[in-house]
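Every chain is named by a letter (A, B, C and D) in the order it is written, and numbering of its residues begins at 1.
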Amino acid sequence: MSKSSKASTIDESHQSKWRKKLYEIIFLSDTATGRAFDLALIGMILTSIVVVSIESVSDLPQWIYTATRITEWGLTVVFTIEYVARILALRHPRHYVLSFFGIVDLLALLPTYLALFFAGSHYLIVIRGFRLLRIFRILKLFRFMGEANLLYNAIRSSMPKIIVFLITIINAAIISGTILYLIEGEASGFTSIPRSIYWAIVTMTTVGYGDISPTTPLGQTIASIIMILGYAILAVPTGIVSVELAQAQNAGRQSISCPACSKEGHDNDAQYCKSCGHALERIQGENNDNGTGI
Amino acid sequence: MSKSSKASTIDESHQSKWRKKLYEIIFLSDTATGRAFDLALIGMILTSIVVVSIESVSDLPQWIYTATRITEWGLTVVFTIEYVARILALRHPRHYVLSFFGIVDLLALLPTYLALFFAGSHYLIVIRGFRLLRIFRILKLFRFMGEANLLYNAIRSSMPKIIVFLITIINAAIISGTILYLIEGEASGFTSIPRSIYWAIVTMTTVGYGDISPTTPLGQTIASIIMILGYAILAVPTGIVSVELAQAQNAGRQSISCPACSKEGHDNDAQYCKSCGHALERIQGENNDNGTGI
Amino acid sequence: MSKSSKASTIDESHQSKWRKKLYEIIFLSDTATGRAFDLALIGMILTSIVVVSIESVSDLPQWIYTATRITEWGLTVVFTIEYVARILALRHPRHYVLSFFGIVDLLALLPTYLALFFAGSHYLIVIRGFRLLRIFRILKLFRFMGEANLLYNAIRSSMPKIIVFLITIINAAIISGTILYLIEGEASGFTSIPRSIYWAIVTMTTVGYGDISPTTPLGQTIASIIMILGYAILAVPTGIVSVELAQAQNAGRQSISCPACSKEGHDNDAQYCKSCGHALERIQGENNDNGTGI
Amino acid sequence: MSKSSKASTIDESHQSKWRKKLYEIIFLSDTATGRAFDLALIGMILTSIVVVSIESVSDLPQWIYTATRITEWGLTVVFTIEYVARILALRHPRHYVLSFFGIVDLLALLPTYLALFFAGSHYLIVIRGFRLLRIFRILKLFRFMGEANLLYNAIRSSMPKIIVFLITIINAAIISGTILYLIEGEASGFTSIPRSIYWAIVTMTTVGYGDISPTTPLGQTIASIIMILGYAILAVPTGIVSVELAQAQNAGRQSISCPACSKEGHDNDAQYCKSCGHALERIQGENNDNGTGI
């Protein structure tokens, strides 16, 4: 038993080493092999999306459809192996399996298999597009991650304002859509209230397809008012994002921390900690310093 | 008389208690029942709007129209009861009846009753959309109210600028619409000056339906100039709102001054002056603080 | 002679009084009659634009055309009298006659008279739209003038940047228009390079009529790139105006002037004049103060 | 040999003088002749673009095509001479030949010659549009160069953020395009995934041609969501550029620090520290100053 236990330990240590290596390749991107793996993966995801896109085009020669079908199956097999490898590389894979990327990775495999039973379902393969979000992991290498974080923070912290704004917009679309429905009637395409609300959204976002457009003088007058007011209203999210971005960018600058209470986020011209009143120590320097002054 | 007076007092006190309870449920949203009432109300308003929208769609099976009609009448009865309850819950209901929400609540009831006499008038029910503005009351619970106020203040304080801007835009639309009317003529849809002004607004707000568009080389050249200038002009409201938002957000910051050196511009979470290190005193105030001075 | 000279003086003084009164009514808007005159004038200008717009609509009953014609002539006579009165009200009218408003006032009269000789030329009456710019004079009364000035300054000081931007846009439109012309050909509406440039401008300003749109896969791909880049480029003027507006608004705030050299434009937190180094005196106060501190 | 050497030196010196003069005319724009040369060049480039544009219009009288062909050849000969002169004017022309402008100048010559062999290739002449970028050199004379630099820097420093943004947009376009393809099908123009992605980009950039637009209720609902979210997302680049512009403009400000109290953030025209009143020392620097410090 002592022997078998020893063997088990050796085996485990061996397995652990192998798992660690696999983990490094698949989950980390700061080693040469890890980076190569990530780039290859993104290349394959892009290929698989392009392949499905081509397949949806009609009137191509038959051999193209054959080629796309083969590529699609080949890539699906590779992705299946990759998915299994990811699970094997982790000692406790449950966390990964239930994470956002774990679910996306699984969902991205299913369409091809499902297409065996349900025709057309393999188009769902474009869910692989979400896997491209991994690209942000690689971008980290090129120092873009900070920028992405900045954007993400700016958008997240402006969420409450944007929700208030969306409620206002939808309210306005419902009311103005119905008004146009009552004025215009069936002739010019305002055949029902939901369709008129769709028109109102198309107009207020300044997309303006023109598939539905008012034809009566009164309808055109009210539509003009909606456009101008709509435009003024839509200036709001731009303003929100600008202000949040400006603040997020300033936040990065305020990197000085108090030597007494290590509070951060002081203004650029602050001389005393705003939290405990201790004098701040500033270094003579550039921007992104984490130094220790004087 | 003393007896009856006593009875009356008891009755009044009893009535008062009952009214207070009703008031809490209907007008406040910080109790569990009040919140439930508000959520149920918004649910019913949304339902009633959806129902009217569905009713406007033609070519649905007959039973759907029957169902929508029944739902509409049911909700109207509930809203009528709610309106009466609101009046009863208040000791002096005149203020409510003449307020914005009082009038909207009343107007939102009428269309269904009016539809008994005038066909089609029940579409006016979408006026109930305005009742959705009550949603902002509930949002307060989730701390969105401050954000809504911020937006509201930013828009209100930029009103004068936006009015100046609107006068300029309408002026530009009138002049450029007429120029295109003179150049293009009937063939390409510029059949009258009002219609050409409508086209100018559609173009300058970048909506661009395409129901009317210039076809002559000269018309297209001038339209191009209008588009580029129009775009530059329309950058203005965005700029206005951005600046006002930034100031509204700073305004909260600027309100505290150091008691020692009277330095202003401290962060909302600052407890010591950033300039001299003296403890800041905060007043019992408007929005964000729940502190106790000193 | 002395008598006649006296008479002349009296006459002159009388005339001068009468002229002064006329001047007050016509050119100033801070008296009750002056304001009434301005409002009446703007009402008449609006009426005359509405009348010409209605006249351009075809298929109205004959009596409407008769009514509009009569109104137009009536207003033109009134405007002619007003123009003469303006000249009489001034001792040296040359300055007014050659000013922007003087020329606009004259040009606004001519179309109706010209229409006697050249059919259709009376549509030029919409040049009266420019007279509406006088509205800004009245707005001054309502404290809107400062805002208009702020906007005007922001736009003027961002002119150099906007010119650089316009050159870039036109360059981009020429190049991308030609590329699409080479790719798409006649079938999809890209019949010539100027027309393709028109398409490029319609696309890059996000107007998007859809009267011309790419149909080949390659054309659509390149059009997509143009749209996304075009959108990114068009974010620039908005950014420019925002920044200029923010600065213009700050400029107004910096109302403190140095007690030694009367230099203005100091920062809000400045304690010494940036020009001569003299200590600045600040009053304890609100925003728009011109006081003299302690 | 000494003699010949001397002759050579004289010759060289003579040649050098002549080359220097040529260099001044062609490459510098701060002399009268240099400026005239640049303006003439830009005039000729514009003419050559207009000429090619006109040539692409069909159904013009034959003499116009003859005239445009002659003008085109004339200008191409002039540009060829100019290109040779540029090379002669430089002692070491390799740098110029391989520079951006050198390559553009060469490419701009080729189309006309190529058109002798390949019909239609002379349309590539619009590559001359890039030569218009030289206009920025002239603008320097009018003090616009600083503004162009400001814009250029703002755009360059916001590049990483814009790349992150573009990846997000393209991802969103792929996913939402495919969803609409699955929902709408062939009937409404969503004939393939690539075409649907094209539609998604047209919609999210708010261009909205209307050549493809959803017709089913579900499709219109999802399209509405895409429009509103798309609009919110597209507020991001505007915000990015605004913030970068504001910082670029501030950057000029931040470069001077007080020699006494090392306070920063003085205005460009400040001569004394706003914090302690000490005289500021300015260095001989980059853009705006022509001063000589103390």
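A few notes on this one:
Here is the rule we go by: a contact is a pair of C-beta atoms (placed from the backbone, for glycine too) under 8 Å apart; a residue touches a chain by one contact, two chains touch by 3 or more.
Owing to the predicted nature of the structure, the values given are computational and were not obtained by experimental measurement.
Most remote from subunit D, judged by the distance between CA-atom centroids, is B.
Because subunit A and subunit D share one sequence, their contact can be compared position by position; here under half of the interface residue numbers appear on both sides. Centre-to-centre, using mean CA coordinates, subunit A is 44 Å away from subunit C. One finds 30 Å separating the Cα centroids of subunit A and subunit B. Along subunit A, residues 194, 197, 206-210, 238, 240, 242, 246, 269 each make contact with two or more other chains.
Touching subunit C in their complex are the following residues of subunit B: 160-161, 163-165, 167, 171, 174-175, 178, 181-182, 191-194, 197, 203, 206-210, 213, 215, 217, 220-221, 223-224, 227-228, 230-232, 235-236, 238-240, 242-243, 246-247, 265.
Per the touch definition, subunit D reaches subunit C in the complex via residues 49, 52-54, 56-58, 120, 123-124, 126-127, 129-130, 132-133, 135-136, 139, 143-144, 147-148, 150-151, 154-155, 162, 166, 169, 194-195, 197-198, 201-202, 205-211, 234, 237-238, 240-242, 244-246, 249, 265-267, 269-279.
The residues of subunit D lying in touch with subunit B in their complex are 206-210, 238, 242.
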